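Labels run A, B, C and D following the written order; every chain starts at residue 1.
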Amino acid sequence: MEIRDVIHGSVRIERWELPVIDSRFFQRLRQIKQLGFAEHSFPSATHNRYIHSLGTLHTAGLAFESIFGGHGGPLRTDASQIDRKIRLESLAPQAFERLRAVVRLAALLHDIGHGPLSHTTEFAMPDVAKLEVPGKAALKRQATHEDYTLKIILDSSLTPKLEAAGKIWGFTPQHIASLIDPEIQIDDDFFQETLHGETIDFQPILKQLISSELDADRMDYLRRDSLHAGVSYGQFDFEWLVSNLTSSISEGKAYLTLEHRALYSFEDFLISRFHMFLMVYFHYKSIVFDSMLGEYMRSPDCEYQLPSDIESYCDFNDAHLSAHLAQSSNEWARRITDKRPYRMLMELHSGIPATRTSAIEQKALLKETLADLKRQEIHTLTATSTSELSKYFRKPGAPIFVRYDNHYSAESRIPLEQCTDLFNRYSEKRSITRVYVSPENYPRCRFQGRTAPLKYEDIQHDSDGPLFDHGGD
Amino acid sequence: MEIRDVIHGSVRIERWELPVIDSRFFQRLRQIKQLGFAEHSFPSATHNRYIHSLGTLHTAGLAFESIFGGHGGPLRTDASQIDRKIRLESLAPQAFERLRAVVRLAALLHDIGHGPLSHTTEFAMPDVAKLEVPGKAALKRQATHEDYTLKIILDSSLTPKLEAAGKIWGFTPQHIASLIDPEIQIDDDFFQETLHGETIDFQPILKQLISSELDADRMDYLRRDSLHAGVSYGQFDFEWLVSNLTSSISEGKAYLTLEHRALYSFEDFLISRFHMFLMVYFHYKSIVFDSMLGEYMRSPDCEYQLPSDIESYCDFNDAHLSAHLAQSSNEWARRITDKRPYRMLMELHSGIPATRTSAIEQKALLKETLADLKRQEIHTLTATSTSELSKYFRKPGAPIFVRYDNHYSAESRIPLEQCTDLFNRYSEKRSITRVYVSPENYPRCRFQGRTAPLKYEDIQHDSDGPLFDHGGD
Amino acid sequence: MEIRDVIHGSVRIERWELPVIDSRFFQRLRQIKQLGFAEHSFPSATHNRYIHSLGTLHTAGLAFESIFGGHGGPLRTDASQIDRKIRLESLAPQAFERLRAVVRLAALLHDIGHGPLSHTTEFAMPDVAKLEVPGKAALKRQATHEDYTLKIILDSSLTPKLEAAGKIWGFTPQHIASLIDPEIQIDDDFFQETLHGETIDFQPILKQLISSELDADRMDYLRRDSLHAGVSYGQFDFEWLVSNLTSSISEGKAYLTLEHRALYSFEDFLISRFHMFLMVYFHYKSIVFDSMLGEYMRSPDCEYQLPSDIESYCDFNDAHLSAHLAQSSNEWARRITDKRPYRMLMELHSGIPATRTSAIEQKALLKETLADLKRQEIHTLTATSTSELSKYFRKPGAPIFVRYDNHYSAESRIPLEQCTDLFNRYSEKRSITRVYVSPENYPRCRFQGRTAPLKYEDIQHDSDGPLFDHGGD
Amino acid sequence: MEIRDVIHGSVRIERWELPVIDSRFFQRLRQIKQLGFAEHSFPSATHNRYIHSLGTLHTAGLAFESIFGGHGGPLRTDASQIDRKIRLESLAPQAFERLRAVVRLAALLHDIGHGPLSHTTEFAMPDVAKLEVPGKAALKRQATHEDYTLKIILDSSLTPKLEAAGKIWGFTPQHIASLIDPEIQIDDDFFQETLHGETIDFQPILKQLISSELDADRMDYLRRDSLHAGVSYGQFDFEWLVSNLTSSISEGKAYLTLEHRALYSFEDFLISRFHMFLMVYFHYKSIVFDSMLGEYMRSPDCEYQLPSDIESYCDFNDAHLSAHLAQSSNEWARRITDKRPYRMLMELHSGIPATRTSAIEQKALLKETLADLKRQEIHTLTATSTSELSKYFRKPGAPIFVRYDNHYSAESRIPLEQCTDLFNRYSEKRSITRVYVSPENYPRCRFQGRTAPLKYEDIQHDSDGPLFDHGGD
């Protein structure tokens, strides 16, 4: 079966994937918007996690086929490529098929436990113990959407459907979950295959296709969110990036690897995400709605609770949350429902201006403004949104390699972060701090601060480190 | 009249611009490819400087209208914007029309003197004295394409057509030229207008629309070259960037200014250009053809000479150069004509890997390889291509401002380079060095160097500055 | 203010339009999907009537500006165009502004009364008398979404906001409504303007921009639905079409007019719509969901009723309908909620094959199949979807003209339908008839009919008229 | 190897295809513009036959893989499809590979003999006998570009390269040529394969991929020309059309077949081509340049001759023709070179208005106007451009089938022209007749005819056949 998609054109679905897609849990994603409140600023951005999840399955499949595909026979192969690519498709067709099947399902389900609207609803999640996630019974903390994802895969009415699909290829829901959650261990040899006498574990690279600096999730959502928002920031050279993926074997394990000729494409891709945060995901209107939802979730009279009964979770979608808010008399719920958000009074961007003292001045201005407003008994919402280039860099984890071939010396396999100084160049986070007041108060405080512009005369660039202290974020 | 364009849709041409476009000098640009030899790597990239020049006229017009347009009356204006925008269109409609007319023509003609194919043909240009460019008679150096541009505008069969167009609005070819060449001075008050008792000189901002970090030239060619090459690097948020342009007055002069809400769009735009260089303009095939053309131009038997008679220059286009090369027996001319380029033997990217010692190792490898090949009497072409983020930053010049408004304090007008640390982050240039050998020699040296891979084991990130020495570039 | 849109890029909103857009009635459109159930087949198609309505406002504005804009002064005008265009913008700027304002608001509100999901919910509308639409009190029939539209414009909490906007320009909600509903009469001279001594009534052309063969509604939704569905059928040459709109005066009234050089663009546009129906709007999955919703609406136990209290109508959106269906025990409501639709058993396309006898054979096959299934006590849903090229042609109404200029003889203004034979060529409707059965019954009847293929051997093309009788549709 | 293309993204080239692409004959196509003079009206349309030919190879490959690909094993196949598709890729992998190889090469070379610029240069071709095309020695007529194509494939320096490529797969240049030219016969069994005991001849379907109503040539050029021209007419649902291609066996021969669910996509595709002719290919400026080139070619002093020596033909490209024209003193050559084309005085579209008498009136007007101008000794160029929906319909040839499956009765395979009445609906050709005069004469005759507008009052639609007589075209 094929599904038409605005990003990928045609998304082909395999026979055994259909029952999973038709399940109540997956269909629930139709009712969860990908960008939550962002449609207030970008009204075309009404796409949901359903189509994003299908797009992620498709992207993971394309990436997998790019890495391991190819017949490798004498007729259709460029001889110079023989030594550098693991052509599973011809070397071990069964392994190719079964690994492709499991990684596509993991990609499809990576978001299955997502709460309504945005991460803010995680405030309403129960204790993880109550959720009875296999292997997590003893934990003492609030559940997260990742816990819901595991529960749905491993222990819900979806589980038998996954078992049925896995039976064809020899895997279980546990195998799928192990590609999504780092704590799930697999003891059997499903992910292993012996090639030319060497046994290789393919689990690491499959995990990387699900979550890493170059994962299928991100490759799908950037282009999708960008198109729907009507902006260009999220566009990158998708086809080139995917077609230049390959694998490296290190100590018997396979890792995601990028041909060096796509290294600048990768940098462009990283920066795409960075700019999408600053220009779309952190739009001041989305942020204030999210803040107000948070206020509601933390209100004493909040009655919104996500269920620990996993089957009931199917009913908790965006429309259900909206209906809940609509019948509440809580102030924040009312403001959200009636679309009467707090208005932005002040907006400070870290590093503007890029003076020695701007961080200090900004902090002082913020502090003074908030004190002023407090004195006048004007209630404020303050939100700081921080974007960083990479959430994986500097964290321990499986390496992504670059295959660097200067065509003359022998090739090298170099860890990605040692091939680009982009991570260093962007090591500073960029943050936007906003102060909002109610629309009722807005007119009387709007122009209060208008007399004192920021100074920028004595700007100097020094080498002794960043000036802006993000500590408070 | 309207011209259909793949980038801008419809490009409207004014009545007085038509004779300029129909002139022999402008029509000559149809025969000069925008990307020269790049069509060897990107065969869809056959677009010419003719359509790019029309696109630049259109972009300059859009930018101008965004900056100075708007009726500003009580009915259609957002009151909060009244104080921050100079609405020439309603304040001084005649000034609006005449400045729009002159900046569009300057944009149209910014490339009119370009030599065939690429900058490499500048080797074949005569002494500037022979060209008899008004005001440059005394110079002692080889002419450049900028000299040809001035000559064509100020002293050719095109000049009367420009005079005719300018007559309608009160400008001369000299005024057009002054927006393109910083050395052309204007003594009259054509660029000045008195608003609210203050006389403002608009020449600086018009010059910036023609050449600056945010000029119309670049805003057109990035999107155009990107589309034709079939890549995404050159895409940026054109509409947002243009609609957030405004002006600042400093000491009686108007300068280009960006609303701060488009600051990240500007960063994206800068990086777009950076990546276009690395992925498209520096493609190894374009580079080798350009190198071979350079070899020919410097050969003792080269007979290609660009004429000092400006009217004859109309006949010197890409086809004429190809015809010239085709009848030559010079080895390099033959290789270009027969499409038998030197082949790439080795390619070194600065900063890959990003080790302390990689620059030193790369230099050593390059030196050793070249010595090796020389010993074997194998002729080489070596080319280094260097990309930098900005060619204007750190150079003295008219400032671009950012209008920063935190909505609470009074607005600031901050110089652009003090609003983004991108220039610092990308202060290092990125370079690619390649060694090419003839296809006849290629088979016997191809695998010679294959035994010694680059080391990357001892990689450390230090804080004491860049390690890669670009001195040799 | 500007809104980012995936189709138009930036949509500029005027100051007086904002309160209308922020109203509860307009915000309700956020919760009504443009394509209803189509997201089951085209999961990217989640866009709503909110953004479509904004897009229609924008398109109506562009069309209006193309028709009446232009300064017409000696400097910027092509002399040959002077005689054929009514340049209201320079001749009567106030008229230009006020007519532009009213037509944009009418475009914005053309869909404001739309019921949840699709036209099927009109079954749940009250008697029109109960709705108390001004001027329609005496009617005896069920209300339609057009009645709701009028009620909301003329007599709801939105009305004062429209009055406030209209006050600036001299119009009332009645004027807006008169552009949407042909029965609303206007007695004053708001739509009239005297030019060169002749009084011209501009109401007809404004009405045509709201609904006609070339209206802003259609020009927006075709491109939008096409993009979101991931298909190309709805793409047409929007820019060319809009820029070739002008006006004709006939008996003191202004009518929509197309330059003949865009006539083939118009044909392409008409066919775009025709193909969107066949390929997207009539997708078999959308159709069956719509049929099931109809079954529910007509069930005796259906409790869904749209309110006659217009303020309550704000709460009736897609989510509210879904919630209603979810709590019902009606079979059809359950099938919709649980996504267990009837499955397609048979599909017949009129005119395939195009034999003399295919219509007769298809009818016989349909009759026989339904009888067969009835005999087996298998319940069926049968749906026929019929597409016609034009819904305006052959109906009396204001003419659209083509300005035909052979450049030599004097120009002609010819009614559109006399300028293209497309209406005749496509005079036959195209219809698709489908039979659906429950998924429970599907397996046992699926292959029953497989033995008797349609014959197509004796195909003859005759000139004596269409063979397929659409009477039963 | 991969080539970046603006239409297809990445075009993969096989190892054995590279020497063909690198040959002088194929590289010559770089210098032949796809749309000839159209760049005068659409300046972005500078793309050449080189990239179009690569795109055709790619499209033919995609279509072939869609038709015959698929592993068909138990794991990845939808059971219901087993009976209706010939999965050569799994049934006979060698046949799949060899047929794919030959059809791609035929697609690559379908235009290899094209003359410079446009078909107009065929006037300058020698007698076919002189060209010594194998098998055509005895013919007595002027050569066409098809003759050059055959000569280049069968008897030139390219032939050994084709033999080398064919050797891998068992075919000869003769086999390639047989897919392009209907007169080339193949006696061996290269195109045959025995499946399930039945021997099937695949040559017919491969020929159809090269030239038919649904060929790869057209599927490539429509989208490409449309994009470069900056219009939307040529866009169609490429992916859907290609993915719904399959094959039918009739009397031991395989024919191109379309799934009926893509029938309306096919109609859209046909109409795309029709509109591209009317809006792009017949642009009045392209037409007049072509007419002037024709005048030159027929002038007694024309010295342009295409060579019968096939190797010399490599030098005859657009630039060579331009250079030839530039040195000529012939009036038409001068006008082309100096871009001083005749100007359009009158333009008549058949069927506008669609009256009974419009054809007669138009003829009379044309006759009278030409007589008038002749009397005044004003020279004219008259050109009639005629577009028809289909050039294959009503001609004998291999059938294209539609696989029509109403899901209930047994499937049918119906000839395409019996599945759509589009051919009948568009049976009338559409033509545009233009009269041009020299720019010198234009001012004095421009307004001569302005007094007598065409009548359109008595319009009636009759059923007794088309009124416009195209006989004169």
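As a convention for this text, a residue touches a chain if its C-beta (ideal position, glycine included) is under 8 Å from a C-beta of that chain, and two chains touch if they have at least 3 such contacts.
Everything numeric in this text was worked out from a predicted model, so none of it was measured.
Undergrad: Could you tell me which chains are in contact with subunit C and with subunit D alike?
TA: A, B
Undergrad: Identify the chain pair with more contacting C-beta pairs: A-B or B-D.
TA: So, comparing the two chain pairs, more contacts are at A-B.
Undergrad: Using mean Cα positions as chain centres, tell me which chain lies farthest from subunit C.
TA: Checked the centroid distances; the maximum from subunit C is B.
Undergrad: Roughly how far is subunit B from subunit D, going centre to centre by Cα mean, in whole Å?
TA: 38
Undergrad: Provide the C-alpha centroid distance between subunit A and subunit D, rounded to the nearest whole angstrom.
TA: Roughly 47 Å, centre to centre.
Undergrad: Can you compute the centre-to-centre distance for subunit A and subunit B, using the mean CA position of each chain? Integer Å is fine.
TA: Chain centres of subunit A and subunit B, defined by C-alpha means, are spaced 37 Å apart.
Undergrad: Which parts of subunit A, given as residue numbers and ranges, touch two or more other chains?
TA: 9, 231, 240, in rising order.
Undergrad: Using the touch definition up top, name the residues of subunit A that touch subunit C in the complex.
TA: Answer in residue numbers: 3-7, 9, 22, 24, 27, 30, 39, 41-44, 46-48, 50-51, 54, 227-231, 315, 319, 322-323, 326, 338-339.
Undergrad: Quick check on the complex: what are the subunit B residues that touch subunit C?
TA: My answer: residues 1-2, 9-10, 14-15, 75-78, 97, 168, 239-240, 243.
Undergrad: Which bits of subunit C are touching subunit D when the two form their complex?
TA: It is residues 231-233, 235-238, 240, 260, 263-265, 267-268, 271, 275, 278-279, 344-349, 351-355, 365, 369, 402, 404, 406-412, 414-415, 418-421, 424-426, 428, 435, 448-454, 456, 459, 461, 463 of subunit C that touch subunit D.
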